[in-house]
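Heads up, the next two complexes both have chain A, just with different partners, chain B and then chain C.
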Partner chain A sequence: MSRVTSFLRQPIVVALALIVLLLYLGALLSPGFASGAQILRLLIVASLLGIVAAGQNVVILGGREGIDLSVGGVVSLSAIIAGNVMNGADIGILPAIAACLVAGAFFGLLNGLGITLLRIPPLVMTLGMLGVLQGLLVVIRMGIPSGQAAPALSRFVTQPLFLSVPGIIWLWVAIGILMAFMLNRTVFGHRIYAIGSNEHAAYMAGVPVRLMRIALFMISGMFAAVAGLCLLGYSGSSFANVGEQYTLTSIIAVVFGGTSLAGGKGGYTGTMAGAFLLVILQGILTTVNIDESGRQMVFGATLLLLMMFYGRGRAMRA
Partner chain B sequence: MAEIATSPTYRRAGGLRRLLERYPFLPALAIVLVLLALNGIFSPNSLSYRSLTGLLSTYMALILLAIAQTYVVYAGDIDLSAGSILSLVNVAIIVLMERWGGGAGAVLLALAIGLLLGLACGLVNGLVVAALRLQAIVATFATSIFFTGLALYILPVAGTPAPTIFWRTYGGRLLGLPFVFYILVGLVVLLAVLSRTRLATQLLAVGDDQQAAYQTGLPVVAIRIRGYLLCGLFSALAAFCITGDTASGDPLVGGKMTLFSVAAVVLGGSALSGGWGTVVGSLLGALTIGLISSVVFFMGTPSEWQNFVQGLAILVVLMAGVLAGRRARP
Partner chain C sequence: MSKLKLSGVSKAYGATLALRRGDLEVMAGEVHVLMGSNGSGKSTLCKIIAGSVRPDDGRILIDDTPVTITGPRSARAQGIGIFYQELSLAAHRTVEENVCLAALPAKARLFVDRATLKERAARYITLFEGVSGEGFSADALVGNLRPDQRQLVEIMKALASEAPLIIFDEPTSALDRAQVERFFEILRDLKRRGRGIIFISHRMDEIKAIGDRVTIIRDGETITTLNLNETDAGTVIRLMVGGAGDMPASQSSAPAAVDAKDGAALTVRNLSGSGFRSVSFEVARGEILGFGGLHGQGQSALLRAIFGAGSIGSGEILIGSDRFDAASPRDAIRRGCAYVSGDRGRDGVISGRPIIENVTPIHYLRDRLMIARPSKLRDKVAPALESMHTKFASLFHPINSLSGGNQQKVIIARWLIDRPDVLLLDDPTKGIDLSAKADLFALIRQLAADGLGIVLYSSEDAELLGNANRILVFNGGSVSRELTGPERTRYNLYQAAYEAA
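This part shows the complex of A and B:
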């Protein structure tokens, strides 16, 4: 019996149950919501969020109040860089990918250096970096046009690629498998959990804590950059601050996936479910016919309600 | 990493260090003075009585919001909904004042209701974070979405003007002195009183070590809720100031201010991990943010570069604030 309850209390089981419940609810509210085509559309949107959340996830797992508030800025920056490098031509896709990854890694590196060398709290460092990135976006936007997505990139994101599923969803699945492998089977992954649950012990055991933390923020920047690139493919052209919405939603996706904000506990498979859950919720709210104000109130209240299922803090005990 | 490997050393406090321990907001004050000097160099006119009054009335809302944020940060919490509480109170009082005719009585009654609304929002935050034990960052983000929805329900589009009596008073003079000066004096008195209350000490105790505070017998949950109540109250006061400054209602006016309020708290030398901080520092931190944008403007920075230079400058002073704040800690 207790084995059954402990299985049912696993965050990923909770998330999957909620996904089924919400899809059912969505189908009740608007017929066809849970159809295959519609679910694929939701999965495309979820994969964009999920890719950002992958980086957010490793930063949070690394502990010491790890959080990356600059991801939204990196997503926007990457979308505009990609748009200008490829400028509507397929030949520019590879250079665009390279440029985005370099930019994402660069800002992640800056975050990581500030956090480890100067010991600035991650929240402060990445918040400041977000301001810098938003300013940079204004500068870039004044100087050059926003750029166009290459047709092949748009097809990759929006059109079926293999088994009538778009390429970006396959990419997301691949990232999911890669993350699960990295976190569970590699030394690097185990070290993430080690520094996240007890930094001092990890340091004593010879884990290069500073290098690890810098690497985590670079990974986060690069995932955000990949998401920005895909976002460009999704919308065709980039517009001001497209990435802004991802900053806090990526954190919520991680929390809904059962990863503790305290670090050291959780994984990416749950985060994928969390991202999908969040996107379904938003999808339902856009299909039902209510005002923007009502939509926001229901969204906020539902988020609070869902949080009740996850990692609530312990009650104080003497 | 050395600080982890070695045991902490307790050196005798030197003169400067002792001064910092006693007045942890000194670095923030120094930054404000430097920025004022820079302002004066680039545009001597910007140090005039009139310009400084203007600066104060524009940034009074951010000052109050930063102070609101400080009380929850004391206890190691954070409130990402402070800006949306500000928006909500802003549109609520605007609509009420308009509906009740815009006379002096209507204004005062609307302000009283605005305060209650701020307190109610603070109570909601306190309950979900402290009583339901949800994580502060994500829970207050969720409530911020809810509050924004409520603000949009009250006033779907920006624009309803404030009654003349309201913004004339805020931007005007009383007994020959600008009205914001009285607000500042009132604020300083209020902060001085609050800092002598048990609550301020209790919030810091909870932020310093929650478990220890609990074992000492402090009602940790109730204290954290009171911190959020204070935050809601000051967010409402901030809303009054922004209403006086912009003279209109805007359901999204505070959205961008939340993160600035967090930045101002850090600039003031308070620790986001809780247990250490000053409200005076946050006040100076908010002024720093205002002065930076003014310096960037007066320096003659090309308009498209202004946000970038401002972002960079804020990042630099944020780092300085953290480093100086750590120096100051006993």
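This part shows the complex of A and C:
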């Protein structure tokens, strides 16, 4: 009996149940919401979010109030860089990927250095970095939309690639498998959990805590950059602050998936479910004609609600 | 006239009796010294008087009237002031504000009356005029002061309570001679005014200088109260040690003699750093070297510094015949040095993670592993845990599911997969049960027999006497005495810890 209830209490089970429930609710509100084609479309959007959330996930797992608020800015910047590098030509895709990854890693490195060497709290450091990135975007584009997605990139994101499923969803699945492997089966993954659970003990056991933390922020920047690149493929051209919404939603997806904001506890599979859940919620809100500002409010409230829900366990432990 | 009287006071934490029976009488106008070794129950006794711990049983009388102390506020209302050993100052406030912190003078019940505050604080600050050192003034920020100056502020704060009975728990540990002299003059003045003072110190010379009577606590029981001018240090120490103190450590448990021809595993020459100074010693392969002395005399600081987790000012460390100065624990581990802390919650346990992940970190590092394959790791982890009879249901259960003793075994097991050359044990049995202790020492002796050089710091004398070939007694950050062979007795250990400096 207790085994059943503890199974039902697992965040990932809760998230999956909510996914089914919301899909059903969506179908009631608008027939066809839960059709195969529509679910695929939702999954494409979910993969964009899920890729950003992968980086957010490792940063949060690493503990010490780890959080990356700059992901939204990196997504936007990456979309613009990619758009300008490839400029509508397939030949430019590889250079664009390289440029985006370098940019993402660079801003992640800056975050990591600020947090470890200057001891700036992650919240403040990455919030400041978000501000810098937003300013940088204005300077680069000077308000004019620029850059086009290469046709192959757009096809990869929006058209079926294999088994009538688009490439980006396969990419997301691959990232999911990779993350699960990294977190459970590699020394690096075990060290992420170690520094997230007890940083000092990890240090005394020879874990290079600072290097680890810098690496985590670089990973986060690179995942955000990949998402920005794919986002360009999804929308065709880069426009104002495309990535803005990802800061908040990536955090919600991670928390939804059962990763503790205190670090050291959770995983990526739950985060994937959390990302899908959020996207369905977003779809339903759109269906019932709630605009962007309304959706943001719902998301904000969702995060606070989740914190009340999951926060209880921690308060009891303390 | 009796200021405070405790009779038959006891306190248990779960199954452990921290205080079995506490009897104490403090007279008006006396300095009453409390003496006892680490964990004898004297701080529990003080906490009961100060109201931060409620006794399970017993009676407390103040001025011959029975009272119940319900908490620190109630203790203060009953006229009890306390000097805290762990500094309780507000670092970002000034000296005068800290001195008056317990009872800030108020205007209109709302605003702090600065003029009165200044005047009141000045009374206590001038008491230490001339000895308080450079940079000490009423409006200096406490955070900018030296440790001895902060301790003076703490004393002033206790004095400012103007309580009829004040407890001073090791008030002189950071003070220099002139400051101690001045402090004792102030205490003598308080005595003349009929105050009662409870004084805890580990320096025999200070106790002789200021104390009137001494109450000795051993194993949670107040043994006796003596007049200090009718007794000598030897008697006091003998009482603290108990009956068998003069006997050498029993031969059955003493370790085998070390064959020194194998050479030194660890050599430390003239090492100084924060918390310890000019320490030199050598540990042979196969030797267990004991560190003794009172708590916080530099033993832990030294061990952590060797392991790369503390700061070293000067001196040199050799492992084998190679120069060893680890920049970090990571570096130390790679070069064959191991460290087990008694504070496993802070330094050891990776909480919430599976047992197996708590054993493997050292193996990952020393074997430069990238991939963690559970099946392969299990073959290495299981024997390491079994060698200490660790009880666990599954390697994949969280470490928190184990008892304290078993958690500590897991932490030690992480050093057994790839054997180090030197093992540093920093009070490793703190808070673990007797059978776990026995398993642990059996293993430590086995490791020594296998040729490791082992340094054991323990706050329990029996552990040192039963396992160490030689014992270095620490006092004030340096080694005050070395005990070998038949010199290794509880009496000598205490004497070296208390008498020197």
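Everything below uses one rule, namely that the second predicted complex is superposed on the first by the 285 of 318 C-alpha atoms of A that agree within 3 Å, B and C clash if a C-alpha of one lies under 4 Å from a C-alpha of the other, contacts with A are read in each partner's own complex, and residues count from 1 in each chain.
Just so it is clear, a residue touches a chain if its C-beta (ideal position, glycine included) is under 8 Å from a C-beta of that chain, and two chains touch if they have at least 3 such contacts.
Because the structure is a prediction, the values reported are computed rather than measured.
In the superposition on chain A, A:L163 makes contact with neither chain B nor chain C. In the superposed model, A:M307 makes contact with chain B only, not with chain C.
Look at A:V207: by the touch rule set out above, it reaches chain C but stays clear of chain B.
Considering which of chain B and chain C touches more of chain A, the answer is B. When the shared chain is aligned, chain C comes close enough to touch A:S197, but chain B does not. Of the two partner chains placed around the shared chain by superposition, chain C is the only one that A:K265 touches, whereas chain B remains out of contact.
In the superposition on chain A, A:A37 contacts neither chain B nor chain C. Comparing which residues of chain A touch chain B with which touch chain C, the overlap comprises 200, 203. The part of chain B that touches chain A in the complex is made up of residues 1, 4-5, 80, 128, 132-135, 137-139, 141-153, 156, 210-211, 214-215, 220-221, 259, 262-263, 266, 272-273, 304-312, 314-315, 318-319, 322-323, 326. Within the complex formed with chain B, the chain A residues making contact are 65, 67, 69, 114, 118-121, 123-125, 127-136, 138-139, 141-143, 199-200, 203, 209-210, 248, 251-252, 255, 261, 291-301, 303-304, 307-308, 311-318. Contact residues of chain C toward chain A in the complex are 307, 309, 328-330, 333-334, 339, 341, 346-353, 357, 360-362, 364-365, 369-374, 414. Of all residues in chain A, those touching chain C in their complex are 184-191, 193-194, 197-198, 200-208, 264-265.
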